[in-house]
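Structures are listed in the sections that come next.
What follows is chain A paired twice: with chain B in the first complex and chain C in the second.
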Partner chain A sequence: MEILNAFFVAPFVDMGSDYIFFAEVVIAGVLTGVMYSLVALGFVLIFKASGVFNFSQGVMVLFAALTLVGLMEHGAPVWLALIGTVLVMIALAFAVEWVMLRRLVNQEEIVLFMSTIGLSFVLQGLGEMVWGSNVKALDIGIPSEPFEVGGILLNEFDLFAAASGAVLVGVLAVFFHYTRIGRALRAVADDHQAALSVGIPLRTIWIIVWSVAGMVGLVAGIMWGAKSGVQFSLSLIALKALPVLILGGFTSVPGAIVGGLIIGVGEKIAEIYWGPLFGGAIENWFAYVLALVFLLFRPQGLFGEKIIERV
Partner chain B sequence: MTQRARQIGDALLKVEGVHLSFGGVKALSDVSFEIREHEILAIIGPNGAGKSSMLNVINGFYHPQEGTITYKGETRKRMKPHAAAKTGIARTFQNIALFRGMSTLDNIMTGRLLKMRRNFLWQALYWGPAKNEEMAHRASVERIIDFLEIQSIRRTPVGRLPYGLQKRVELGRALAAEPDLLLLDEPMAGMNVEEKEDMCRFVLDVNDEFGTTIALIEHDMSVVMDISDRVVVLDYGRKIADGTPDQVRADRVVIDAYLGVSHDQSETAEQA
Partner chain C sequence: MIYREAGQFKTSYATDQMMFPILQDRIFMILVIAVAYLIPLIANEYWLQAVLIPFLILSLAAIGLNLLTGYAGQLSLGTGGFMAVGGYMTYKITTAFPDLNVLIAVLLAGLLAALVGLVFGIPSLRIKGFYLAVATLAAQFFILWLFNKVGWFVNYSPSGTITAPPRTLLGIMVTGPEATAPVRYLVVLTFLAFFALAAKNLVRGRIGRSWMAIRDMDIAAEIIGIRPFQTKLLAFAISSFYCGVAGGLYVFFYLGSAETEAFDIALSFSVLFMIIIGGLGSILGSILGAAFITMVPIFLTNAPPLIGLSMPIDLQKHIEVMLFGSLIVFFLIVEPRGLARLWQIAKEKFRLWPFPH
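Moving on, here comes the complex of A and B:
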């Protein structure tokens, strides 16, 4: 009885009794969730367009952040460093197409997957070789004053991060739904052969998609890096993107966003209200358990198409 | 053969000395022929003769080890599929390649992708000239839908359509590009008699109304004899005959190599 009470009653009583604190927990979760969403979004874009499960997405976040910090350390003003980093990420997309995709097209998926593992080592090594491996602070001048709304404590930085995430997602949604390139991208995602036959250049699409994934990575890198410093562990947020993808479906952009938010909020709430029952630190594995349970009921993800077995 | 409005002109595309092999398999050996402006050319031959490979060479999916393709007066050895599409070559596939997640309308719209010109900011705003352009594309897609008599399925995701209709949508997507050369890989395979008749009518009408040059692969000999102006026969990767349907039908080599074999096959297939 005691146990049931501790698991199923007490946490909800806590939530209800101090709802301002609860709101703060939820908001903190949403903000973490936005980061997860951004990383997952990078995965989804590349997976849709080229069928490649890009293991290096997390390292791309790190690499983008490292490049940005590195350029600023060399005296570049923020705007110049930003442009420089964007250019580097575009160059990276060209290189990936040139060295990997072009040569491995038509190979087994597992081969492409392995090659992205290789890419993640190359990127990490390259980033540390050029910019050094010590932890760096990233400060691009985003205000971070705390303030209060209706008793709930908020931070300007968090608000800024959430807003940029939302704007980015909005821009991408418009880009992919209403433009010629977006239409081409959806065609490529659906059927390579057919896309080629209507005149869509596959390689150009790949370059565009990897560039966009690089920029999404940059935004995630800025937000995360400004919060907790630019260091290797940054690339580990990609590990959190995996449960997000399971939840949202590997090919769904809205799925990546909603999935990220669910995982972000879910793990914060679990940590605060149920964590003590497990001796704390459940934030690290909660997402996986959530994804696993979810997998049992909806293997195709929240927004993925229903998987129909053809026999 | 029916009497048709268009005058058949000079060679639009010339295939010369094409060799294509996959490892040890010789798919095409020293194949030469031409496709003339405004004609309907049928490519026939037993299974594995290299017919699909030939179409794949023409629109750049396969790159021959030897030989050249001359199209609209330009000679080339290799070409990329998207570049072929730009020069006005559209096609359908033996094993249907549609955007299965999209509706009929969107599939056909995608066929017009190369014709869309406005830059993306305009499009993003869906404003002014971009809006007019979108409307124009819509209108032409609607004409194709009317032409192919598929109004009732315009919003249906094509993955859910029966085979015969999928083939029709695929033709629609190819037509949306307003091609000069249309390549059809077995457009009537797996269809019932009625569907075949419809498809024949569409092919003839496209050729008549727009003057589109068509090269098609077909196994049903009665269809081939009915709609084609000329026939090229492949067997084991070689061209064994080339001429009007009547000439080809009377050709000894063709009868031995192909007609004898395939007749039995198509009859058993029809009985089944």
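Moving on, here comes the complex of A and C:
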């Protein structure tokens, strides 16, 4: 009974008795979730358009943030550094398509997956070689004053991050639905061969998708970097984005966002209310187990397309 | 010229179904094993300790993963976790039963790893491909967290480190700080030789064939009467057994003492690299891939000074990482089916040489 009580009753009593603290936990979770969503979004974009499970997305986040900080350290104003970084990410997309994807067309998924891990080594070495491997502070002038709403402590920076995440998702949604390129992207995501046969250039699409993923990575890099400094550990958030992906489905943009929020909030609540029962630090695996349990009931994720198999 | 099977007639079913049907292959295998056993006579301590022992142990882990991923088609990123089970359980067993032969402890730990593999293999019935890969990451993170948090696994040592206690085998010190590199090398080599042959034998039999059927198309395999759940679970169990044994050897015969960091996700990825560079669905490929992945970084570290190039250490480190990544991409582009495929092509060429038409 003791144990049952500790697991199933006490945490909920805690939540109810100190609801302001609970609200703060949830908000902190939502904000972390937004960050996860941003990284997961990059994965989903590339997976949809090219079927590549892009493990280097995390390193792309790091690379973009490193480039931005590096340019600013060399005296470039923020706007110039941003433009420069975007150009670098587009150049990267071209390079990836020319050197890698073009030569790996029609290979098995796992080969493509491994090649992106190889790419992540290259990017990591390159970024740290050019810009140095020490921890860098990233300050692009986002205000970060804490303030209170109804007894709940909030931070301007977090709100800014959440808002820019939302704006980014909105822009992407509009881009996907109402532009010519967006339609082409959706066509490719739907069926490669059909898209090719109506004359959509697959390689151009890949370049565009990798550029967009690079820019999403840049936004994620700015947010994480401003919060905890630009350093190697930034690339490890890719590992946190994986459970988000399986929760939301590999092919679903809304899935990435909802999944990110669920994982962010779930992880924080679990850590604070159930963590002490396990001896703490359960954040590392909780997201995976949550996603795993979830998958047992819905193998294709929350919003993923239903997998139909034929012999 | 020499590599030719002309004149080798098979007059019984047994000879027809041999593991190495061509006489030259058999001689070559025996030669390779003999040379491997004689290497301690010429190799120095550094080569044995820093290159050959990790290479052999990781080959074993790579064979384990290749059984699961290459033969049964279940992508797994939890290798490091299963190896950790092997390492920590070997430690627990040897410290709890000091009189037990250490080799038996390693094998028992392998069995425990197989049990853990069974549990984490259960989702494979419903989940496939990358979804499964991410699900196996749960094993990786959960197992390491468990070993970090629960003091029982490390005998309540405050540093959380497990250290291989000194143990003897036939009167010779095989583990602990006093064991010499050649002795440990020979033990590890024996393990690898035995289990590599066992795996080779396994994959050509009924079990291996049912794994391949599941890999190629699981629904079709189910229709011809292969039970997918049992087959997949068996693949998880045997693969984890291999990884567990490799993990036990890794701690006891290579590292000497270890923390959970030794088994982190980087290890899982490098074992996965080994089987992809080496060749999915090939025992030989696992070994070739392990050789490639363990030796290339050592080569990259030592090559610049050899040709008289000197540069700052951190710059060299970064270039190494980049070169390593580029090499992987290069190999995947040139031969996505791995080094084993190159070896096969070379054999075909030899067979026809000098008249290729």
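The criterion applied here is as follows: the second predicted complex is superposed on the first by the 310 of 311 C-alpha atoms of A that agree within 3 Å, B and C clash if a C-alpha of one lies under 4 Å from a C-alpha of the other, contacts with A are read in each partner's own complex, and residues count from 1 in each chain.
The working rule: contacts are C-beta pairs under 8 Å (C-beta built on N, C-alpha and C of every residue); 3 or more make two chains touch, one makes a residue touch a chain.
Source: prediction; values computed, not measured.
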Task: chain A as common anchor, with chain B and chain C clashing or fitting - done: fit
Task: Touched partner set for A:F250, first chain B, second chain C, both or neither - done: second
Task: chain B versus chain C as contact partner of A:S115, first or second or both or neither - done: second
Open item on the list: Contact-wise, after the overlay, does A:L104 reach chain B, chain C, both or neither (first, second, both, neither)?
Closed with: second
Open item on the list: Per the contact definition in the header, classify A:F175: touching chain B only (first), chain C only (second), both, or neither.
Closed with: first
TODO: Examine A:V135 and indicate which partner it touches, taking first as chain B and second as chain C; both and neither are also allowed.
DONE: neither
TODO: Between chain B and chain C, pick out the one touching the greater number of residues of chain A.
DONE: C
Open item on the list: According to the stated criteria, A:G199 is in contact with first (chain B), second (chain C), both, or neither; which is it?
Closed with: first
TODO: Check the residue A:N284 against both partner chains and state whether it touches chain B (first), chain C (second), both, or neither.
DONE: second
Open item on the list: By the touch definition at the top of the document, which applies to A:D191: first (chain B), second (chain C), both, or neither?
Closed with: first
Task: Least C-alpha distance (whole Å) that remains between chain C and chain B when both complexes are overlaid - done: 13
Open item on the list: If I apply the document's touch criterion, which positions on chain A are contacted by chain B in one structure and by chain C in the other?
Closed with: none
Task: Complex contacts: residues of chain A adjacent to chain C - done: 53, 99-100, 103-104, 107-111, 113-115, 117-126, 128-129, 133, 239, 242-243, 245-246, 250, 278-282, 284-285, 288-289, 291-292, 295-296, 299-301, 307, 309-311
Open item on the list: For the complex, give me every residue of chain A touching chain B.
Closed with: 174-175, 178-181, 183-184, 186-187, 190-191, 193-202, 305
Task: chain A-touching residues of chain C, taken from the complex the two chains share - done: 69, 75, 123, 126-131, 134-135, 137-138, 141-142, 145, 148-150, 217, 219-220, 223, 265, 269, 272-273, 276, 280, 314-315, 318-329, 332-333, 336
Task: Residue ranges of chain B in contact with chain A within the complex - done: 59, 61, 80-82, 85-86, 90-91, 93, 97-102, 109-111, 113-114, 116, 118, 120, 123-124, 126, 173-174, 177
